[in-house]
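Chain lettering (A, B, C and D) follows the sequence in which the chains are written, and residue indices restart at 1 in each chain.
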Amino acid sequence: MIVVFYIASGVAILSTFLVILQSNAVHALLYAILSLLSVAIVFFSLGAPLVAALEVIVYAGAIMVLFVFVVMVLNLGPGAEGQERVWLQPRTWTGPVILTLVLIGELIYIFLARPGLALGGPAIGPQEVSLALYGPYLLGVELASILLLAGLVGAYHLGREPSD
Amino acid sequence: MAEVPTQYGIILAAILFSLGVAGILLRRNIFFVLLFVEVMLNAAGLAFVVAGARWGQADGQVMFIFVLATAAAEVAIGLGLLLRLHHQFKTLNVDEASDLRG
Amino acid sequence: MTSADILSLLPLLVVATTGVVVMLAAAFYRNHRLSLILTLAGLLTAFISLPFVSPLTPRQVTSLVLVDGYALFYMGLIFAAGFIVALLTYGYLEQWDGNPEELYVLLLLATLGAAVLVGSSHFASFFLGLETLSVALYAMIAYNRSLRRGIEAGIKYLVLAGVTAAFLLFGMALVYAETGTLAFSGVIAAAGGGPSLQLMVGLGMLIVGVGFKLGVVPFHMWTPDVYQGAPAPVTGLLASMSKGAMFALLLRYFTPVMALERQGLVWVFTAVAVLSMLGGNILALTQDNVKRILAYSSIAHLGYLLVAFLASGPAGQLAVAFYLVAYFATTLSAFGVVTVLSTPDDEAESLRAYQGLYYRRPWLAIIFTIALLSLAGIPPTAGLVGKIFIAAAGVQASLWLLLIVLVLASVIGVFYYMRIVITMFRRPEADVVQPSMVRLPRAASVVLGALSVILVGLGIYPVPVMRIIERTVARLV
Amino acid sequence: MSSLATNLINVFGVLFAVLTVAAVLVYGERRLLALVQDRYGPNRAGPFGLLQIIADVIKMFTKEDWIPPFADRFVFILAPAVIMITVLLSFTVVPFAPGVEVVSLNIGLLFFLAMSSMGVYSVVLAGWASNSKYSLLGGLRAAAQMLSYEVFMGLSLMGVVILAGSFNLREIVEAQKGMWFVLPQFIGFVVFMIAGLAETHRIPFDLPEADSELIAGYHSEYSAMKFGMFMVGEYIGVTLISVLIVALFFGGWIGPVLPPLVWFVLKTSFFILLIILIRGSLPRPRYDQLMSYGWKLLLPLSLLNLVVTGGIVLALG
């Protein structure tokens, strides 16, 4: 499992990095999906199979499809890349990239600085998660449903055609 | 099963999070900005799952599910707004779509 | 969950149910007035239920929500704000040709989110309450979807709030990874065991998230644009409910954390408070747009509140509670005036639109003047009393630097508030085209009148409100 | 060593069986449809036209594999591969008989749902990458349709999960020793079958391809082997849905006298034939009818099913 974790982590980081470099929206999305899939494998290797499946079903399979859907609705064909290329010139990206590298470096330093964090316990399967979800977190589930309702009503209002 | 030191998991989450931040700083296209917000939220969810695995609790995964719900709601409204923006401004560039000035 | 648990959640349940009912009512029968009446009835019921719930408190309902006097007090404030905004919205949207019903649904959901936020005792409820509030606000800000600036403001708020949420979550996850608990009480207890670097990073990210929501310097960039682009009643909501709920939570749970880690965090918050007070007031001087002026003014006011937060202790709690009551009334009254002068497609926001208001709409001008005086902290208004409480709390905690800045910033503030007042009382030049006279909605006029009475009343005789605060909020400390 | 050998036999056995079934279906469907419509169907090549399969394969392999110059090359090639990979991967969690399965996953059912949600991409990406308006419209329709019907598909299966108390398909089959789940979960079965048809975009849910309106929709621009992969992918999808219906609702390999695997194959064949006959008998609905049918009928139905099932299971302790 350790090997799986490292390989999946590597793929996740690399593909997320490639998302940044893509000027084509759909190619960027494909790398994002790849990154999400490898994060799902990371979840699996951490002993969290339920969220691994949810990551694929909801994140990669529903949320990202919405993004693709929007690309198609706006018909952002291969022609829409020119503008994006401009933003990927070295002078625009050096600043943020250096900032990010510093940020990453600091975070790695901080979390490596303290050795001996305990290893994870046994796998936590769907049953335990569901029991927690509908036990102590029941109000949270209700709130999440209210949150989705707000999203639904808002998206409905914003997305409707003005004529009706 | 999980023999991965927790800090590596957190570092992975931190790197993905930072890449999301970098993406937002770099891109001016609202489509990409929304995409990187998702990347950041996903990284935060990953951090929760890692932390939950460290303590052997289900709470981390529960939080991940809540993050998922949030991400879905944000994307629904975000993409709705994006379509409106494209409709009104004929561009997805946040710098060009800027009427509000003080 | 016992029946007492459910009973103590009654205010929240009422608001949630009302939201669903209004939505279903709009699905089957679209009627603006019906939506308004249902919304008002729901919020009123929730408000009235508060004293009945009060004997059951304090009660921890699961690990997520803590219903106690503190939470109930701020819930009351939030419900009142929701009620007022709903009334203002009615007149604002009456002539609009779009669908107004969804705004009430979103308003109720936002109110619920804010109410959960002040009652939360756990990262999960904190985060979910905050997100419910934010997600409802995105749509409300861009509610007039044919207006370019509304959409732009909505996108800006959405992107920044999304990033903020990610920071907040990542911070929570780091704290959780360190402490092994997601409940605030557990986190505070675990933080006492000796702060680690990882925990500090987590807390830092949390503070970034909270700072964005409060709109304090240096996280204030979104405030003016979003305030300007959003519909006027929504701006009122944004300024009062959204910031107030977040501040109530900050006060409750960060005070113990601060006590543990005296040095670093105190300096951070002190810097933020100073920058907000000065920055907000100085930037407001350069503005010609009333909504933007009010935006910068809200940045400054959050800075004042941070002084009371830093003072902490019973005096600080008292000062924050009173100041928030005064601030809610003042902000809603100010944005209420803007609202009644605006229509969804043509907002009265430039200073010119207010020139000679006194000669066209004397009462409105007087109401606005009272609100501005209260914002500036000039007697006899609630704003002054609030500032005195904050100053008293500051003196008790000997925060001299902050107090000096507070006074200095208030003096600067007087200039731009007076500028609006003077504009209103200046005779209009003959060649200036007068803005068309909109019919003044009756509901809104009653609300504005009542708010002005409250503002002056609190300025002269604040004792009753003080009693309530002492009975509920201060009881905790 | 022996476990490795068994594993290999299982993997390749399943792969071989599935691909064979798909190939036979290419021929079988045409014969059966012809029977329904009172005509012959392919009957020239070999006895009963059986060699038609070989002829079709040769044709597909030797045709010019053309990528339109205006298409997005990378995505254009990726799209047909996605459907093959996701559908074939779904078969890994299916238990065909005791001991005949590739992997026993404790989230087997979720894995299937995850793969089917990934399958959406093949159609959507194909529609986008072709860069032609019919394909784009087909892709748009497909995205909305498959995303919607995935919801009901997942919900309809949760009743089964409640009854079996597990996501593992093997355990679900074993839980049906006493009674097939089709009896308590009849609504779930119906919804799953309909959603399954929609997910594989078969008639009457073939709006993404709709020959008469969109000239084959998302795969208008595809030819030769890439088109073949879409077609074979569809047949494997049909097989997958049938296999899952059998495993989830009709007791999998459980049955008297005959060996388990035979029972499984028999039951599966029945449902494959049923799906083909449905194609022969139902017309295609309008797009808005399809969506409102899904959201206004299937969603409440599957939610009701879930609530009632959960309530009864709770009440019985």
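In this text, a contact is a pair of C-beta atoms (placed from the backbone, for glycine too) under 8 Å apart; a residue touches a chain by one contact, two chains touch by 3 or more.
Model, not experiment: these values are computed from the prediction.
Comparing the chain pairs A-C and A-B, the larger number of C-beta pairs in contact belongs to A-B. Subunit B and subunit D have Cα centroids separated by 33 Å.
Each chain gets a centre from the mean of its Cα atoms; for subunit A and subunit B, those two points are 6 Å apart.
Averaged C-alpha coordinates give centres for subunit B and subunit C that are 26 Å from one another. In subunit D, no residue touches at least two other chains. Residues of subunit C found to touch two or more other chains are 124, 128, 131, 135, 138-139, 142, 145-146, 154. Contacts with at least two other chains are made by residues 6, 10, 14, 20-21, 34, 45, 50, 52, 54-55, 57, 59-60, 62, 66, 70, 73-74, 77, 81-82, 84 of subunit B. Chains touching one another form the pairs A-B, A-C, A-D, B-C. Of all residues in subunit B, those touching subunit C in their complex are 6, 10, 13-14, 17, 20-21, 24, 30, 33-34, 37, 40-41, 43-45, 47-48, 50-52, 54-55, 57, 59-60, 62-63, 66-67, 70, 73-74, 77-78, 81-82, 84-85, 88-89, 94, 97-100, 102. In the complex of the two chains, the subunit D residues touching subunit A come out as 72, 74-75, 78, 105-107, 110-111, 113-114, 117-118, 120-121, 124-125, 127-129, 131, 136, 139-140, 143-144, 147, 150, 154, 167. Those residues of subunit A that touch subunit B in the shared complex are 1-2, 5, 9, 12-13, 16-17, 19-20, 25, 28-29, 32, 35-36, 39, 42-43, 45-48, 50-51, 54-55, 58-59, 62-63, 66-67, 69-71, 73-74, 76, 83-84, 87-88, 92-93, 95-97, 99-100, 103-104, 107-108, 111-112, 114, 117-124, 128-129, 131-133, 137, 140, 144, 147-148, 150-152, 154-155, 158-159. The part of subunit B that touches subunit A in the complex is made up of residues 1-12, 14-16, 18-23, 25-29, 31-32, 34-36, 38-39, 42, 45-46, 49-50, 52-62, 64-66, 68-77, 79-84, 86, 92-93. Residue ranges of subunit C in contact with subunit B, taken from their complex: 123-124, 127-128, 131, 135, 138-139, 142, 145-146, 148-149, 151-156, 158-159, 162-163, 165-167, 169-170, 172-174, 176-177, 180, 182, 224-225, 228-229, 286-287, 289, 292.
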